[in-house]
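Next come two complexes built around subunit A: one with subunit B, the other with subunit C.
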Partner chain A sequence: MEASLRKITALCSKDFPDLFKNPVMFLSALIPVVMMLVFKMLYADIEPLPGGSVEELRAAIDSFLLASGVSVTAGVVPTMIVIYSIAEEKEKHTLRTLMHANVSGSQVLISKAIVSMTVALTVELVLFFIIGVSVQNLPLYFLIALVGTIPIVILSLLLGLWARDQMTAGLVSLPIVVFALLPMMATYSADLWQFARFTPCGGMYDLLEQLIWGSVLTSEAIIPLATTLIWIIILTVVFLFFYKRLSRDN
Partner chain B sequence: MEYNSAAELVKQEMGQCINVECGQDVSNQILEAIKIRYSDCRCAFLFETDRGYERQTIKSYLKFFTRISDSSNELQAVLNNLELTSIESKKIKNCNPSELKLISFARVVLSNPEVCFCERLLSELEPNAKRLVLRKVEELAARGVIFITTLDPLRISTSMPGRSFWYDEGHFVMADIVEDDNKESEVVFAGDEVQVIKIPAKSETATLLLDPKEIDFVESSNKSNYVSVRGNLYQTNLTLDELEDSLIRFGFFRCHRSYIVNVQKVSKVERYTRNSFNLTLSDTNRSSIPLAKGRAEEMRDIYGW
Partner chain C sequence: MTQPGSGLIFADGVSLSFKDKRVLHNLSFHVEKGEMFGFLGPSGAGKTTTIKLLTRQLLKSTGSIELFGKPIEQIINADFERIGILSDTSALYDRMTIEENLLFYAKIRGVSSKHISSLLKRVKLYDERKILLKKCSRGMRQRAALLAALVHNPELVFLDEPTGSLDPVARGEIHEMLMELRQKGTTIFLTTHDMSEAEKLCDRVGILNEGFLVACGNPQRLKLAYARNEVRMITRDFEIIQTTKDAAGAALVYEQLSGGTCLTIHSQEPNLEEVFLQLTGKEF
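Right, the complex of A and B next:
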């Protein structure tokens, strides 16, 4: 256990500084931040419709930005960090070197998961302050973002194991980005929302909107919360099922 | 001495340093055999494909693996030993193949191993790096560390401790080597002066005694003579005339002013133009050897082709 922890710590201490040296990963963390800054500027001078209140407009914008920002972060950051870095380790044969230095596949994956979760949560925290929502919402926001990002991280680990090289990493990361952005796009279509709310990021999106509208601690939150938790369970089971087979192939 | 499989080789030579001239497939078989046979030992592996993390510096890369292996080995001492201190801040992506190999070797040393499996350890090293690696290998081998190397050709791997083997069609054959204690000394021939049965060829620190039937052809180039064995060229001090005299009884033929060929290995005789012929051999590289016009007629007379 102690050896395992030491190795995971060593792997994390290798992967963290690499984020700043690898332009692809660094940019992936910047994308949601830049996107939210642009949105924030776009919505700065918007006026409420006749008869509408400023508070309602403000809540609508904040809920959209908050939910979209976290969705984009969850869709881009773990994908880039986990899938690309596992694929790069395979392509450059460093994974083989690690495996022959008594590092297990699970230790490598845990370190990638820790790094990607940490970066995603840091970015999500930055977004919270950019959007400028009341700090009272921070603990719940952080909790929802944490739980909501987990399914994407698990999916990224699975696809990272499957990707042979950085070329295929690009291909397999596409469905995750689509999944993550689907709830955001579904705001324009009620029919699409009926489907998008049950996708891996749909529950989180719903919960974040409810956080701003004040219904997150009511029974309305049960379905989106259950959706997210069920996705975590399903993806964990699928991951464990494929893990042995994929790590043997690698 | 001969072994019929990688598993047998590793089993019979357990506890000994060995060097095997072979291809990647056979190297993989040896690797698998080592993993089974030495499962209770601290093993370290150096693969030909090892290139490290390109965005890391040499020092951060080695520090990372020191943390992974939790070894008591001093990073700074190893950096000093292998003269890496002056380039420790260099990015791995900027390192040349020799430096990359030296870094991988440093990684292996830092893990404080009992058994080291190394693919093509010496081939890519520059002379000074090779000297440093061999010095370290010698020091570790004296302390009981077992080195098993593959892929390096015999002419290079004979500098490593332990026995050297070459692989040929399912068999691992031990190379017959005379250590050069005195570089000036003449090579000792087996048999009497006339009945030469081995051809001496130079490797870096030893003289290989090659069995004529291992030799594919002999080539003269740049005023030196080279013996080709399993795709590798070994320099020999004998003249082509001396070699022709020695080898003719083993089925060799002087096919060109600069070439002697093992006729048994010829798989195809081609006529390119009216005056130019070519011999294709069945050796590892499918070598093409010129056949002089005058010699072609002689060859036809002798062998009836």
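Right, the complex of A and C next:
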């Protein structure tokens, strides 16, 4: 146990500084921040429609920005950090060298998950302050973002194991990004929303909107919360099922 | 001595098949503690596959393997900490310096980083320690990868073609390091397709051909075992006389020696490449 923790700590201490040396990973963390800054500027001077209140408009914009920002972060950051870095380790044979140094596949995956979750949550925290939502929402926001990012991290670990090189990583990460952005795109289509709310990021998107509208601690939150938890369970089972085979083959 | 429990590595009747294709056939050999054992053979002979079996990266189809006196199935993580592996594709991190890479592997192995400077000096990489790995030459990378495999001072080291595609200077530096390691008592299992490297470095060699171990022993003894029945003399007139190791040959040699015309006289021994040719009927 002690040796395992030591190895995971060493792997994390290698991967964190690497984020700043690898342009792909650094950009992936920057994209949601830049995107929210642009959105924030776009919505800065918007006025309520006749008869509408400023508070309602503010809440509508905040809920859209918050949910979209976290979805983009959850879709882009773990995908880029986990899938690309595992694929890069395979392609450049550094993963094999790690295995020769008695590092197990699970230790590598845990360290990648820790790094990607930490970066995603840091970016999500930055977004919270950029959007300027009341600080009293922060604990619940953090909890929803944390739980909502987990399905994408598990999916990224699975696809990271599957991808043999960085080119394949690019190919397999695209559907995850699209799936993560689907709830945001569904804002413009009620029909699409009926599907998007049940995607891996759909539950989280719904919960974040409810956070701003004040309904997150009511029964309305049950379905999106259950959706997110079911995705975590399904993806964990799928991951465990494929882990041994993929880690042996790839 | 090829019985269970003998040596640091013991393999008995080991075979491996991939689906219907048998790639290793009934390999039996052992490696003593502190010995440098070379596994020789052309590309595709099964050298890397054997290392993979010995380090449990692959599972044998039949036979038995022991490491440190234990069946390989009972080898635990703590035993693997006593092993260092350098594969033909071992690679360190490009975006880290040589020193950062070694510090990282010291952390992974849970050993002090104090000896890293002396390791770097030993392979003449100390002055280059702050260079990013991506800017290093192939020889520098290979030496750094070797250090990463040795950073925890392992008792047993598996080296798969450690000098493959290196220039003669870099190869010589690696050879020096390996000889130092052997003097310290480290057991080394080395694969190479370079016969002269094996002759120079190894206490014993195993010659592998198409998955069969065709010969095993001390390189000198192998060469003597396959020595030609020939004696070669060079006279003072630089004439080359070849004769056989029999009564007729002895008479000719005596004649040249007693006549004072013989400048040099050699028993013609084959090198390992010629031994391989004799054993397999194939050029190496």
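As a working rule, the second predicted complex is superposed on the first by the 250 of 250 C-alpha atoms of A that agree within 3 Å, B and C clash if a C-alpha of one lies under 4 Å from a C-alpha of the other, contacts with A are read in each partner's own complex, and residues count from 1 in each chain.
Methods note: a residue touches a chain if its C-beta (ideal position, glycine included) is under 8 Å from a C-beta of that chain, and two chains touch if they have at least 3 such contacts.
Just so we're clear, the structure is a prediction, and the values are computed from it rather than from any experiment.
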{"item": "Partners on subunit A (subunit B, subunit C) - clash or fit", "value": "clash"}
{"item": "Partner chain in contact with A:Gln194 - subunit B first, subunit C second, else both or neither", "value": "neither"}
{"item": "First (subunit B), second (subunit C), both or neither touched by A:Thr122", "value": "neither"}
{"item": "Contacts of A:Ala101 with subunit B and subunit C, given as first, second, both or neither", "value": "both"}
{"item": "First, second, both or neither for A:Ser13, with subunit B first and subunit C second", "value": "both"}
{"item": "First (subunit B), second (subunit C), both or neither touched by A:Lys21", "value": "both"}
{"item": "Residues of subunit A contacting subunit B in one complex and subunit C in the other", "value": "3, 6-7, 9-11, 13-14, 18, 21-22, 92-94, 96-98, 100-103"}
{"item": "In the complex, subunit C residues that touch subunit A", "value": "55, 57, 77, 80-81, 83, 85-87, 89-96, 104-105, 107-110, 145, 148-149"}
{"item": "Residue ranges of subunit A in contact with subunit C within the complex", "value": "3, 6-7, 9-11, 13-14, 18, 21-22, 92-94, 96-103"}
{"item": "Subunit A contact footprint on subunit B (complex, rising order)", "value": "43-45, 47, 49-56, 60, 64-65, 67-70, 107, 111"}
{"item": "Contact footprint of subunit B on subunit A as seen in their complex", "value": "3, 6-7, 9-11, 13-14, 17-18, 21-22, 92-94, 96-98, 100-103"}
